[in-house]
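As written, the chain order gives the labels A, B, C and D, with residue 1 at the start of each chain.
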Amino acid sequence: MPEKMKAAIFVEPGRIILGEKPIPDVGPLDALIRITTTTICGTDIHILKGEYPVETGLTIGHEPVGIIEKLGSAVAGYEEGQRVIAGAITPSGTSYASMCGFHSQCGGAKGHGWKAIGGWRFGNTIDGAQAEYLLVPDAMANLAPVPDGLTDEQVLMCPDIMSTGFGGAQSGRIKIGDSVAIFAQGPIGLCATAGAKLMGATTIIAVESIPERAAMARRMGADHVVDFSKTDPVAEIMKITDCRGVDVAIEALGTQATFESALRVLRPGGTLSSLGVYSEDLKLPLDALAAGLGDHKIVTTLCPGGKERMRRLMEVVSSGRLDTRPLVTHRFALDDIETAYELFSHQRDGVLKVAITP
Amino acid sequence: MPEKMKAAIFVEPGRIILGEKPIPDVGPLDALIRITTTTICGTDIHILKGEYPVETGLTIGHEPVGIIEKLGSAVAGYEEGQRVIAGAITPSGTSYASMCGFHSQCGGAKGHGWKAIGGWRFGNTIDGAQAEYLLVPDAMANLAPVPDGLTDEQVLMCPDIMSTGFGGAQSGRIKIGDSVAIFAQGPIGLCATAGAKLMGATTIIAVESIPERAAMARRMGADHVVDFSKTDPVAEIMKITDCRGVDVAIEALGTQATFESALRVLRPGGTLSSLGVYSEDLKLPLDALAAGLGDHKIVTTLCPGGKERMRRLMEVVSSGRLDTRPLVTHRFALDDIETAYELFSHQRDGVLKVAITP
Amino acid sequence: MPEKMKAAIFVEPGRIILGEKPIPDVGPLDALIRITTTTICGTDIHILKGEYPVETGLTIGHEPVGIIEKLGSAVAGYEEGQRVIAGAITPSGTSYASMCGFHSQCGGAKGHGWKAIGGWRFGNTIDGAQAEYLLVPDAMANLAPVPDGLTDEQVLMCPDIMSTGFGGAQSGRIKIGDSVAIFAQGPIGLCATAGAKLMGATTIIAVESIPERAAMARRMGADHVVDFSKTDPVAEIMKITDCRGVDVAIEALGTQATFESALRVLRPGGTLSSLGVYSEDLKLPLDALAAGLGDHKIVTTLCPGGKERMRRLMEVVSSGRLDTRPLVTHRFALDDIETAYELFSHQRDGVLKVAITP
Amino acid sequence: MPEKMKAAIFVEPGRIILGEKPIPDVGPLDALIRITTTTICGTDIHILKGEYPVETGLTIGHEPVGIIEKLGSAVAGYEEGQRVIAGAITPSGTSYASMCGFHSQCGGAKGHGWKAIGGWRFGNTIDGAQAEYLLVPDAMANLAPVPDGLTDEQVLMCPDIMSTGFGGAQSGRIKIGDSVAIFAQGPIGLCATAGAKLMGATTIIAVESIPERAAMARRMGADHVVDFSKTDPVAEIMKITDCRGVDVAIEALGTQATFESALRVLRPGGTLSSLGVYSEDLKLPLDALAAGLGDHKIVTTLCPGGKERMRRLMEVVSSGRLDTRPLVTHRFALDDIETAYELFSHQRDGVLKVAITP
């Protein structure tokens, strides 16, 4: 095994470069994964632009597909050479937060064991997946074997996009017969649309103006697509629901406009399920909130992680319930990742997701 | 039976007067109640001040204790002369909203059957309880017989104060061993404190500066009382919880300051249960919301109503689990209700709740 | 309007005949429906055989599609001439049970308001739907307008079969990625299979030996069909799930054998959702129950009713999520209902459900 | 540190003796605890009698209070010398079962990760707590620091008795205003009674015939105690609930008679929460189950474990919500544990729980 590896490294706002780093040492609870496919996330673009701060020198990326290269001395239940994925969020399984089921807010074993967003480590607080090798912490809680017969690209959306999108649908507690509106149809919004379909929603309304995304929304399960650039989405959704409003509204962009519209289309007692990463304070208009008397719920969700989550999402893929391959619109070698960032950050050429292969 | 009755009537902002009205006719689904005790709510003060608009000429009040005077022709299961209460919120039981369990957002039998705050009718959209007689709509869904041995004052808090306060605790889904902070200890906040105790919270932190209310908070179950006029409540609550934050924060005032503090003291994944009636847009600070990634829940609750709710609350009273009589600090005849409004609206003389007897 | 109508009347065990009855009077809360299509249920066969006792002279049937002929004086929100369905279960909406959300155990307005199976009235405690006219009690809680464009046969399964089958899936709290086994693929089992698919189960295993039903099971969403006449279903299901067991097992027949097998294929912590109507005591084998230490759940479900339930099920149909028309294998005029009973009770000619039209 | 320790060892049915064993080696994920107090459980008596089979030579006991003697090389977040408890059930935190929240059915890291009762290891599949030293597996998931100021006896019930008893109340999803019946008032039934009180039940009916236990039941929160040796408990409970039945019935003994009575006193839609360890097949009488149509739930619960569970239970103690010290009726040195077994297994001298101190 070599000592050095290539990795996409954050240098400063505006600069993520392909550089070289030592292949990491493997602690007792860790596993070293040789990456076979990874991808770039919208969050990585926030990092690139300096909108979400990380340390200089950090390897970016949190969506790994790969092969176990080496297991830590205390790791049982896996074999080197196994094909695995790990979620974007890597809970310890043993923190107080994890043991309550709040895996994404995992604070590790130390102290009180709760830390906001603490489960997100790859490409945030530790080196990430856009590299030849990836060190997975708390491997026993996080390595999920890929079922035979599934390709890398078939499971590439599981670590983040599917988990987050489905998480939005699940936090909304969608029920059979629900009306659901999903604001924005980027990769996560598209998976939220697919999740709403999978949970039994019968009126699924996607809000999107880009024609390719609108078309993909229909493919993922939308019954209606509302083009907010041509019509008032709130009025249009109220019309579609016969003035009833939706049972669940999913925000998948991260802006005041979409958040507020999501609140305005809710029926009394409905749930606003928020997936967006916001960059400024949010406003809850008094009338939209019925002065606090509308029995509304607002719930935010960070991508659920851990091996059981990954197992279930791969079941969705292997059962044929959802095929996310159409979301992979472009492919690059890791050597060309800077070009991939250039394309993805400017949303050129109808890009939805890119596949990166070392 | 006389034809006329006395009633507290809204005339214009700033004026609620004791006037005279015809005793209402009883429709097939209605019941006419002779009021024996009622009270004034903070919401009535919003009406008095013109902050919450109602029609001129409306009888105010939504907290009835009384005796069935006359039953509608289609009402079964009750007898004239029975002592009953009805909730502040009077769901139909048969609307789409009601049949989903969202009784407070009941839109009646017509149309799509959902209406924000639609279940609140007494003293809002129909004549209310501060009168000699009260017409209860959808009587079979709303009349709750008072168990023998309970006095009017023992059950006077059930229609609104207990139901709302407990509702805040229940919407927070408080579990055994939870830490809970309750912001403001007016009558509703005090009942939220009692509700948190009743559900098994083990660290109950009340935020209040008025000494009498602080003392009552301890009596209702608070383990700690934080005086926000002397210390930063957010810092103090984080200190009490060893920097962990609370599992559930209950807002019981209706201001940006309390709402925001409630959000700031939540642990990741915690629930902000909001009971306040707000009078302006709310702000969700970016950091307090962890940029949308903290798995937070915000839930608003309108007072739950209906006869089953009332039955359960009266069980709490008759079992001795909670005695709300100490909340009744002053007593007035209905003839003196203008004086009662004067006292209550200025929160004079340590008033918590008043009992009004026709 | 005529004074007499035809109706399928229970005379004695073994005899349901087409007879004549007066068209019922309409009370203030009732509605009279002119039946346009109805069907026969397996429960009706239990009645026919004397296994489930009802009064002599009762009109049988609980699955009505029809047109509002006359509304009670206190019924608002509907118009005569509207096309409607009502659920097999007709809750009052205003009983204590109903107001808790247990509509099927509704005890009416009187007394304590809970009665086991009390919500099932049609063809059980009051005259049923296999007639020219049907009196619907508590009409405001039960009449559900049929959306334009849906035929009678498209909504014919909503009152009972879909509601019960989906109810079994919902009581099992099926989640995305679950493995689910459904024992028996009669009409209700088939709808449970469809419900499991609609809720996101990814491994759906139907147990059935009749080839036509096995084929229909696949059409409704089964990934695997286990023929219990050729293989041990418990062993086969454990094999399919890689010895893990299923998350949810649905019993849809009503026998000890299927109930026990459903328990044996559960993973620890799994849920047995029981839909069957049993005719003898059930046994819980000690080993299958892990001596009471396996965190198992067993839940029974009576067909959910009420207009909101019917509205949602018709949404499932109108959205194209499920087409239950293939379940209607035979059609009869009401005049020929005795022939229909003959066919259906002997499960001749591959019958699944019959449509009866007055 | 010595090399040998004293331990209560299972030799054969009828014989548990105090013997000597090597002090165990500490693996990377383990912790070695020096036991300061432990106790004997009813389950240990099943082992003693040969009713629950374990390996010859196994150290018995699963309720440890002690001091960290040595931490495994991969264990972070603790210090040697800390006072801790561990639950009777020691989940890994990282199995599929654990990551779903089913900690008690944890199958370890290997294989599919679910194993019925797999989380119960102490004194079952690995050496237990009735010894001078105890090896705690998966220490980071299981060690819970004891808050300052709490004595050993104050927290001695947390590992099993409180966790199981409260678990029964929690699996029943007790709500404010519920009626709850608890069958048998041994240590677990008493804690279930206390749990019902803590969750807001307002009518708590304990079934017990031994006067000391009846008295203790009232102290733990029972409003009524029914002596089944003098009256039919089913009839009596129906009378107390005015023929309505209870919302939740908790079985805390493990016999057909109590299980069946628990089912018979449920209101339609109620929940039977079973805690008993059964020793023969159970029967579900057809009428008690309403032929499968009563919307009943039956749920079994194995003692919940893990450090977060322990933390919460110790919060209940330190907040003063429950004092379980009265349950400790007798005290023995470890050297005298054979005498303790003698007393406890014959329930002599009003024994509820014993404290054993090495």
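What we mean here is this: a residue touches a chain if its C-beta (ideal position, glycine included) is under 8 Å from a C-beta of that chain, and two chains touch if they have at least 3 such contacts.
Keep in mind that what you see is a predicted model, and the values were worked out from it rather than measured.
Q: Name whichever of B-D and C-D has more C-beta pairs touching across its two chains.
A: C-D
Q: Taking the mean of the C-alpha atoms as each chain's centre, how many Å separate subunit B from subunit D?
A: Those two chain centres are 40 Å apart.
Q: Can you list every residue of subunit C that touches 2 or more other chains, as numbers and ranges?
A: Counting only residues that touch two or more other chains, subunit C contributes 100, 311.
Q: Assign the assembly's chain-to-chain touch graph to one of these shapes: line, ring, star, complete, other.
A: Chain contacts: complete, every pair touches.
Q: Quick check on the complex: what are the subunit A residues that touch subunit C?
A: Counting only subunit A, the residues touching subunit C are 166, 170, 175-177, 195, 198-200, 202-203, 223, 311-313, 315-316, 318-319, 321.
Q: Which residues of subunit A touch subunit D in their complex?
A: That would be residues 27-29, 73-77, 91-94, 96, 98-101, 103, 108-111, 113, 138, 140-141, 306-309, 311 of subunit A.
Q: Given the complex with subunit B, which residues does subunit A contribute to the contact?
A: Going by the criterion above, the answer is residues 97, 100, 102, 104-105, 112, 114-118, 120, 242-245, 254, 267-269, 274-286, 289-302.
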